[in-house]
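Residue numbering begins at 1 within each chain, and the chains themselves are lettered A, B, C and D in the order written.
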Amino acid sequence: MKAHATEAEIQDVIKMVEALDYRAHVIRGVERSVVACVGEERGESHSLQHLESVAGVDRVMPVLRPFKLASREVRPEGSVINVGGVPIGGKRLAIIAGPCAVESGPQVEGAADAVKRAGGHLLRGGAYKPRTSPYSFQGMEDEGLLLLENAGRRVGLPVVTEIMDAHDIDLVADHADMLQVGARNAQNFSLLRRLGKVKNPILLKRGMSTRLEEFLMAAEYILSEGNPNVVLCERGIRTFETATRNTLDLNAVPLLKEWTHLPVIVDPSHGTGIWSLVTPMALASIAAGADGLLVEVHPDPRTALSDGPQQLKPERFAQLMAALAPVATAVGRSL
Amino acid sequence: MKAHATEAEIQDVIKMVEALDYRAHVIRGVERSVVACVGEERGESHSLQHLESVAGVDRVMPVLRPFKLASREVRPEGSVINVGGVPIGGKRLAIIAGPCAVESGPQVEGAADAVKRAGGHLLRGGAYKPRTSPYSFQGMEDEGLLLLENAGRRVGLPVVTEIMDAHDIDLVADHADMLQVGARNAQNFSLLRRLGKVKNPILLKRGMSTRLEEFLMAAEYILSEGNPNVVLCERGIRTFETATRNTLDLNAVPLLKEWTHLPVIVDPSHGTGIWSLVTPMALASIAAGADGLLVEVHPDPRTALSDGPQQLKPERFAQLMAALAPVATAVGRSL
Amino acid sequence: MKAHATEAEIQDVIKMVEALDYRAHVIRGVERSVVACVGEERGESHSLQHLESVAGVDRVMPVLRPFKLASREVRPEGSVINVGGVPIGGKRLAIIAGPCAVESGPQVEGAADAVKRAGGHLLRGGAYKPRTSPYSFQGMEDEGLLLLENAGRRVGLPVVTEIMDAHDIDLVADHADMLQVGARNAQNFSLLRRLGKVKNPILLKRGMSTRLEEFLMAAEYILSEGNPNVVLCERGIRTFETATRNTLDLNAVPLLKEWTHLPVIVDPSHGTGIWSLVTPMALASIAAGADGLLVEVHPDPRTALSDGPQQLKPERFAQLMAALAPVATAVGRSL
Amino acid sequence: MKAHATEAEIQDVIKMVEALDYRAHVIRGVERSVVACVGEERGESHSLQHLESVAGVDRVMPVLRPFKLASREVRPEGSVINVGGVPIGGKRLAIIAGPCAVESGPQVEGAADAVKRAGGHLLRGGAYKPRTSPYSFQGMEDEGLLLLENAGRRVGLPVVTEIMDAHDIDLVADHADMLQVGARNAQNFSLLRRLGKVKNPILLKRGMSTRLEEFLMAAEYILSEGNPNVVLCERGIRTFETATRNTLDLNAVPLLKEWTHLPVIVDPSHGTGIWSLVTPMALASIAAGADGLLVEVHPDPRTALSDGPQQLKPERFAQLMAALAPVATAVGRSL
């Protein structure tokens, strides 16, 4: 309550709180009083937050975190998600790699070979591309999806690809092992809800300005519709720093591991935007406790149709994997 | 080029630049050389940006802004968009007001009366609500849309409502005069592209972490698909400041007016999240040159199912309109 | 408390809370318990915040705002600060204008004439300049201070200048009417404390990443040392947006006016960094409720030694003042 | 130049550029022309940036990075800074640990023992504390400095302490091996300049909203006054994320190592604000290539007078050191 709230205002608030099925406790302080509200907020459509517009009320401060199915308390041992035979979330790290965008058969085949040879576990590649400009390359779409599927099948790697449009869900779910939600759709709740009805596991990227609590609420949209297989991906947030494309928020890794049972991986390619930073930040991600990586690998980044500056050449990806092995061991994980 | 780039590296870059149909000019400086690239970048799928992964290259710096159809140069006098008979972008301000969410017939009718009585020009109301939590009230959906349409028709105000799912476009386009794209879908390119094929004008809100250049590129998605009727809405960005729900970036108003011919309005309700700041920031928006406002008005904010703390009571909205009139006059506009 | 906190942990916390001279109330909720602590936090060196490292404790959430002398409750009618005969904080707006840096006698005299002629009330000019680069012009220092004083005295305007070093306080206090603390020193607590012992009024700028609560705590440093004459200045915060130099946070104006009795002015020159945005944002500032402006005016911005792109030419400053008059009237203020 | 700049405007700009001792090259593009300016910007007081206020000019874009003495090019092999016999920047990591604030003799002695026992290399402790509130504990000041010095001497660890006020430099330089500049003084240029004349090495922390380029310019202030011994410290930046106290920007580590020869260490205590995240982020920092750590260790964090929630107990610090050893080895470093 405000400092000068009257007793009548306090009693009014108590009545409203009780009408919403909460119990109200008044704590009278030196300068102002606090009305503590005890009850079950999460499933309710009436939020106490609206009391902020009531006379005498200063602020409404929620105490409980709002996620439920994503909460660590639900499964303290942590979830292991199976993606086409590859477990994500266990002792073994999951390395997902491949080109930003599928650009041609030879390109994706070359990338698949490079990923397989260096010891990667899953193949990624964008068929439908979210691009800031409508004039940029938008992806090979359905054709790209099939090229990716074939490349993965040939080398024996499950494939991951981004879904941008609910319209494409059935097709993509048939041809890809895991569906990725990109940062720009991180709060596209219509899409999230539909992905909750799909059988494939979902790779959910954090949005550029999504707080960790909101990130878990986005996962909660998928979980609450019946799909329990969600992997979270930190990919950098937008800050004032312009020297890197994004600011990779590795704090998110150990904090999410405390809050949720869902596996957490990191994308150091988008998280930095600069190829020379990808390997050091990949090592840092694993040292921080991540369950895996999402890395962009392209047979020839100079000719890439999107995000060239952050894609690794095959030999550099092989170097990353070689550098990663001892770090994984040092933190009790394996490749 | 990097400081120690060799002549061979410079010549390599020149060859690549020319292969991409740009002219290359080398400028030799005291410490390093610069390769200036002259050509038409916008419509190309090959971006020069990828040269950042080439040996000897330090950085690629674009000089031109990437938007084209949205550019002020296309229509220096500015666009006026007609929404159900109400012009947005001319001398007269356009005030769009109504509840955050349609909650019931009496609620939206009460709001419509309040908006009409105080001199508002368009009625807003959310039928499909993007909510951070899947457990919060998600809107009355189709039923809410019809209630909104009826309320608007009764009082003679065109209606504006948010579209969240491409699946709903036909229905919403039939029953609402203007379709709003919310902040969380500001870079949902699939949705934007489809709205480019709709006849209704589009109210495009800036995303929470969308730079102004990207905001105009999002508009460009709609424009380039054939729908020229886009109104931009500044609604606050996400920053480190936690005292307000968002940081209303009014700098965006005069800057967008320099860069684009599209009308620009401001949403001080989401931009502040606190009802007592709505009126001062509404006045400030108009003083900064905005073409209109989007304001949340609810007959009884204490009972609101979403965003109660930022919605105005009818009498406060009437006070806002009364305070606005002299400010509008002071900057050469009318209500 | 955490969800699985034991009764013993709760009792431990209660003991610690009481040992710190607070009363403890336990509220037992559905999923977890809350220990409410009632007492006087502000003057204490022991903060309850440290309890976050105690077993069973999840989070410590403060309810009261920490500023005291700056609080609106102390003087609900608001403070009016007298600067060399010019009141700041009353019905009449205070317009402070002048060059970013004092560069020469003729330059500051030219600026003083321009400010006086257009109706400005105080003359600003930097003698000691905080520059990002040690190789940039650092100001004319003591000589610049005297040139500024002379220029102000000649045209009859009190002068304002920035203080960067505690070492200069006595000299600057003798020759300037008001001392400005720049954004980079907004949390230089040694300097603030010393300015609390000075007789001159202080113009305190918000830091680039200072939250409003911290801004008032910085003012509290000055007030608590005995200097009651502090004017707050919003000058833009640092965000992800790069199209403008800073993001001018006008939400701060009405919110600060609710929280504190201190006058609040706005610097649209630094807040935008672009001269063509200065006038619209000046009008917006006053419409939002600011008590005045700090505007950069230079006789010839093309030759300015610092911040050229944001300084106004004399004729543009005169246009700003002309445009401002009707807006001031519209919100019940005068020039 | 702007799209519609006239030839006369272009010629005017060329004349001004040449008058500033740059060579001007005009590049004529499809839509607009660019005037490339070649010359030595760094040491000049006249910046080309001011041309932004000249007719016909759209933007001025600097190409060169502005730091010089801090640049990697000056010493490609990297600097190793000697602090009381402990090298920072070589193969061996430097672990600086100790309490946030010196609170009493027994407390700092207990911390010194804990740091020494676990294998730390330098002892930190704050004698003069920058606190957001003037009512919080401000440090034991001179007395605390002597307690710290004694504790370090007894266990054989050089000591590091923060300097807040130029007035204290001589005393602190006499009693501490290394002087720390805190985040709030990261752009207190008066202080930096004076520290350039001191013999002791300086530990310079990044400001909460300091871009990496500005961070190196702050170091340049110290270097250019004659003190070559600067160690940089990433300690988290301020972003929209509120789940952690700051966002630790580990991207800064490999990027700074590319840009500068100065050693780079990381403070995971301030960078997270949560003790349980300190160890994972310490491991991540070293994996990313940091030359050392700054960690808060307190014999009894529950009683700490400042920053309790982020300080480690002695046994947890020992666990951190034990976990760190194999990660250091994995990236070719030693403890």
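Following the convention adopted for this analysis, contacts are C-beta pairs under 8 Å (C-beta built on N, C-alpha and C of every residue); 3 or more make two chains touch, one makes a residue touch a chain.
Every value quoted in this text rests on a predicted model; they were computed, and no experiment measured them.
J.: So which chains are sitting against chain A and chain B at once?
T.: Neighbours common to chain A and chain B are C, D.
J.: Would you identify the chain whose Cα-based centre sits farthest away from the centre of chain A?
T.: C
J.: Looking at B-D and A-D, which pair shares more C-beta contacts?
T.: A-D
J.: So what's the Cα centroid distance for chain A and chain D, whole Å?
T.: Between these chains, centre-to-centre, one finds 30 Å.
J.: From the C-alpha centre of chain B to that of chain D, how far is it in Å?
T.: Once rounded, the distance between the two centres reads 38 Å.
J.: Residues touching two or more other chains, restricted to chain D: which are they?
T.: In chain D, residues 209, 238-240, 242, 274 touch at least two other chains, as defined above.
J.: Name, in rising order, each residue of chain B that touches chain D in their complex.
T.: Per the stated touch rule, the residues are 3-4, 25, 27-32, 34, 36, 38-40, 61, 63-64, 73, 209, 238-240, 242.
J.: Under the touch definition given earlier, write down the residues of chain B that touch chain C in their complex.
T.: These residues of chain B touch chain C: 209, 211-213, 237, 239-244, 247-255, 258, 271-272, 274, 276-277, 280-281, 283-289, 323, 326-327, 329-331.
J.: Looking at the complex, which residues from chain B come into contact with chain A?
T.: 16, 42-47, 49-54, 60, 66, 68, 130-137, 164-167, 184-185, 187-190, 193, 207-209, 214, 217, 220-221, 224-225, 238, 275, 301-306, 308-309, 311
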